[in-house]
């Protein structure tokens, strides 16, 4: 019985390995509430969203290859422009942090009512932008800091930001791609580690650390445990089958069961068979 | 004894006329406190600043020749960009209104500590920009709405915004030049009236109403009377000479006295002699 | 196949005409999500809500017949009182704009949890008021600017504000009735156009432009296209019958189908037969 | 050597008594900085201002004789109207607290630039009103809670709020008169104590506790000591004469010196001789 | 037919009495919307939440036994720490009031998405804390003011705050237990009245008034009537059986019907039989 | 003629060297306005203040030796505690950034009216604390991140934070000492460089980069040039002697003139003679 983050859709080898063993793999990131929210991804998404601005500010410092600007600007000097793609949990937390740092912030999403909520709570301190190719091209072009914050549950992130868009950015700009665990939002994204978090591609600093929340393990652990504990207790007390039969949210977390892929999105990612078990 | 707004530096004929009569002309707009503030200009500057955004929003409507945009944008649609030149009373009031309307706002001034105050009170909701030619050119180029809010007490406003800068603006953009009473900030400015408030020059809608606060006479009258009443009482009770001898702020309001120009700035505007009387 | 705004419940002639032709009429304004929200009305409601305050501020200027006041007041001069009837999309956007302009704002609605949400996001900057006749009478009486923001999907707006209430308002006050497309909220409302947007009734300036968002076509078009595009693609790709069978939100947009009224609210508005088709 | 609060202008017997003794009486409340601020009154004024709203909220509860309303109102129920007379330290602190409690707040002052500062920091969440008799009458009439916050250093507070104005208030309204130490702002004010803090006059609950900050001695002591300590050290280290000769702010705190009144305002309050000593 | 607040789960004698009579008892506090919200408890919860901070501020005054501090502190003096247990309607309203008073505020809840909403609307002005025993112990220990704001619909409140935790609080701290109507959150809670609202236990001031909103009857009555009126009209117009058959929210309000307990939570509270009627 | 930052009071060798050459050394950091503000230090202080929070957030990450926490915390997880010593330009900018990042922020200063201003603009989102040894000890003890932001113009910073206080901090806490250019605020401070910015002392991460603004050279250069340009032009156009004679602010910038120390604070720092020249 595995109960942790798995991100199988981006990890073919891990998936293959798990299929050879007799393990029930319940992935934190696909446990899903009836309304579609992901309760065990949410705490890490919060942390990643907040952290993305901190990491991005660091990338923009001169010694890290950035253009040497402060997110807030100064009296008489304009702030940096931060563009956030995705207004889900990661995006809205990045938005809170970027607005708090007094950057000039745009947030792009495909859901108008989510954008209206952002306007309700942030008032005029953030620009909301409908997601389409033309808008994304224009925003990326003007961004000093681009935050990738798109998550499609259990599936690979689409490559919304092309290599050409990245090339269009001003030298010394920065990209923080929080979607890297699912493959990343940019064509120029490849995973990095906390030991060597950034690389430069097309003169743009990229921060694409897989497992970003590992930078702040104390905050992350508290945040995660707050949410996982009750599920873990259910699994331990009732056994997996009963727990999942009773709690459909937990059921949707099942990725691999009895040597078969149990989640459609994972099966489709690799063109493999899958079978959703019934309890 | 005249005690009202005069704006003589921009009104040569009126100045000449007054010099032929035996009148003591005390101009509201040059009454000056020891710290340099202008207590009787302040209320009208407040009103003009607030009104400038309202007028500008109107200019941007399609039927007035504007590009047909809303200052706030909408969910998924970016807001208009408002550029305010001058962070004095007019400018900061325009800034409050523009930020309130959720536009994207820049404010330009030459005084860093004034800009720091703007940042203290407005936090990150406004971009502060140091005034210099390059910055002004760049900001005007990107402005949907430009607010002229520069006042040099008792003197003509310098033509900070050139005709070429206006030509660089996108068609359907708008300019509200609140400095028109002192000659205006833009080379393309000429005074208009409340009956016919706008004209189009270089495809940019211009609103340059002299005496803008006349649009909202009730608010303006209360605001003005709040401030003038105590001075008027001093003049009436003590007679002009005594009142001015006792209250140096009032003294600096004297523009014409005994058929002579009494204020340096007015004299210099017309290359005429002037003599500051002593009481 | 018509796919646009229709507002048939307020347009008997248009309804009759459409019934004589072989057209499937899908009205933007009645496309309805499972939770009751109206995704294609929302963008125009946002725009109308923001615009209503701008239009109202204009009406209050002296030369338009208004009492000559500024929404924000000034230092030492009280702000105008804005009363918004309806806390839906139009109302909350009007509320954001009016609060941003620093007016004193009341918002009236019949739904306590909606009012609680307004309090959560606006904190103390707006007064929430339960909708009932006594409260409406009292609020209208004290309003400098009244915003009608009630929408009953697909039906005529009830005449919540009577002629007597309008008479009770102070001369020079203003009413912006954004509900005019559905017949209007006030007994004194009749539709106007952008060319001649206001009239005065009982000494109160009325702005009742049908299709208000037409004042800012660029913002409106972007806002609308953001939302309609995906529906239009479904209709074009799948054909109307299939698209509506698959997407119940779209299905509820159908007003006229095969020469019959297909929506209950339209049928009831004219006392005509209707039949909801099944796909 | 006395170094504490004295409020002699309102305490003739205490003044007489001190004159019979050989004591140098330095009053905290008249120590005055070159720019006119009162550094040792400021901390108590802050505390009194914050406390006044808390006390007023209490007065408005039904069991204390109030009309039984909550400052904030509720969803669908309007907030209470709080009127603050005076925008000095007491007033602005009362303003912060009243706005924080989400009341509808007006603040009245005679100084336009102070009101402009209030607008800068509080944005539209408070109405600023110029002080004159008509405005005060109208505001008092509509007030649920009236805060008296006027201080004229070293002199008695003028009776700005007449008995008739108090009678015009709705039954169950409340007045908190923080000026009571200097005689009070209302004709109906007389001092009370923390043991029996309120009385009802003309159906209006009055809270007029002399030494209001005594309600929260811990906060008050810390706040006061923060400010008095450095002065006390100067007096102790250098002796009074030298300390006052070197520190003019301290000098102005001297009320009685060598059996004579040393401060003009105290002398004038009782029509007695005074003599400002020179060090 | 009784239609009012009943709180039977905490009132065994009342329950027994009602069972002996032929009465249909519909309790405001258990009328429940399909999404689990309690529309007739909400207005009183709002009022209680706001009032709790006002009451708590009062408890902290010295003459009421409190430690003599101001919630806001002062310039240079830290604010009081307010800990709110429960982020439902009571809790979030207490949170708005405590933040408005500029206290340092923590809010504890068991629902992460509720805490995320609190962060969205309150930004950084409040600390959110996951509810577990260790966190509660630590927060209670540091609290100057503890607000009990937990409600389990129709059931007794669990004793989350133990006597030992209360003993750990600093002398002169205060507890306002708004859950007292359901038995209270603290082991040290027992109901008090508006006439004698507080008692001291373990040197901590307790305010545990049953029916807190009675302190502000005017606000409470308006708030309640806003919500109850439509239900009362349904009951009166249609008769109870029909009204409840049509309106499931109302149905869930039924506590006693035909001499039997009709609500599971009430039955379980007393270990008595219950039977949910079908209409 | 040298016109740049010099910080001579902390640089004895540089001072000695300059005294051997015929150079007029005007130090940006001692140019002083009549009201005591330092116009050419201000822009760098702004940048350093904003940057200090960004640097501190980085120090708190696990891989840099920090305790692995996020300034903002997360839903259900408390934020970090940031303590800022000094409420001047550096401190207030650090305060804006730390509050923006949603940390729990205290700011310590010796000037009550400065603290009152902080409360006016930041409302309750920051705790103000009077500077004294007991308060500093207590705040440092509880700090996750300590910002040193004290500047005494032209003199060494006093060692306000002792080694014992640093030892009292929790392991993994962080200190950013922006005062390092003047010797630093902590006994444990020694200067570092952008290449190797941090070291760990007593388990606390120290970031003490001299010339912090060098991290963001583009923002810093614009900010600095905004302010220095007009002074540089005066020096170039008029020659140093005339420029200083006319502009007393510039005069106070003179540190070394004709092989003598020209500024009292520099002379006193090294126990050397000095002579203020007269122009």
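Order of writing sets the labels: A, B, C, D, E and F. Residues in every chain begin at 1.
One rule holds in what follows: contacts are C-beta pairs under 8 Å (C-beta built on N, C-alpha and C of every residue); 3 or more make two chains touch, one makes a residue touch a chain.
Just so it is clear, the structure is predicted and the values come from calculations on it, not from any experiment.
**Student:** State the smallest step count from chain C to chain F, taking one step as a move to a touching chain.
**Tutor:** 2
**Student:** When chain A meets its copy chain F, do both sides use mostly the same residue numbers (more than half shared) or mostly different ones?
**Tutor:** Both copies touch with mostly the same residues.
**Student:** Could you tell me which pair, A-C or A-B, is linked by more C-beta pairs in contact?
**Tutor:** A-B
**Student:** Could you grab the centroid distance between chain E and chain F? Build each centroid from C-alpha atoms only and quote it in angstrom.
**Tutor:** The answer is 49 Å.
**Student:** I'd like to verify one number: the distance from the centre of chain B to the centre of chain D, where each centre is the average of its C-alpha atoms, in whole angstrom.
**Tutor:** Distance between chain centres, rounded to whole Å: 38 Å.
**Student:** Give the residues of chain B touching no fewer than two other chains, as numbers and ranges.
**Tutor:** 42-43, 46, 72-73, 75-77, 96, 99-102, 112-113, 116, 119, 121, 123-124, 130, 222, 226, in rising order.
**Student:** Can you give me every chain pair that touches, using the contact definition above?
**Tutor:** Chains touch in the following pairs: A-B, A-C, A-E, A-F, B-C, B-D, B-F, C-D, C-E, D-E, D-F, E-F.
**Student:** Applying the document's contact rule, which stretches of chain F touch chain A when the two form their complex?
**Tutor:** Those residues of chain F that touch chain A are 42-43, 46-47, 50-51, 54, 57-58, 60-63, 67-77, 96-97, 99-102, 194-195, 214-220, 222-223, 226.
**Student:** Please output the residues of chain D touching chain B within their complex, sorted ascending.
**Tutor:** 112-113, 116, 119-121, 123-124, 130
**Student:** With touch defined as at the start, can you tell me which chain C residues reach chain D in the complex?
**Tutor:** 72-73, 75-79, 99-104, 106, 109, 112-113, 115-116, 118-119, 123-125, 127-130
**Student:** Under the touch definition given earlier, write down the residues of chain D that touch chain F in their complex.
**Tutor:** Touching chain F: residues 37, 39, 42-43, 46, 89, 92, 96, 100, 121, 222, 226-227 of chain D.
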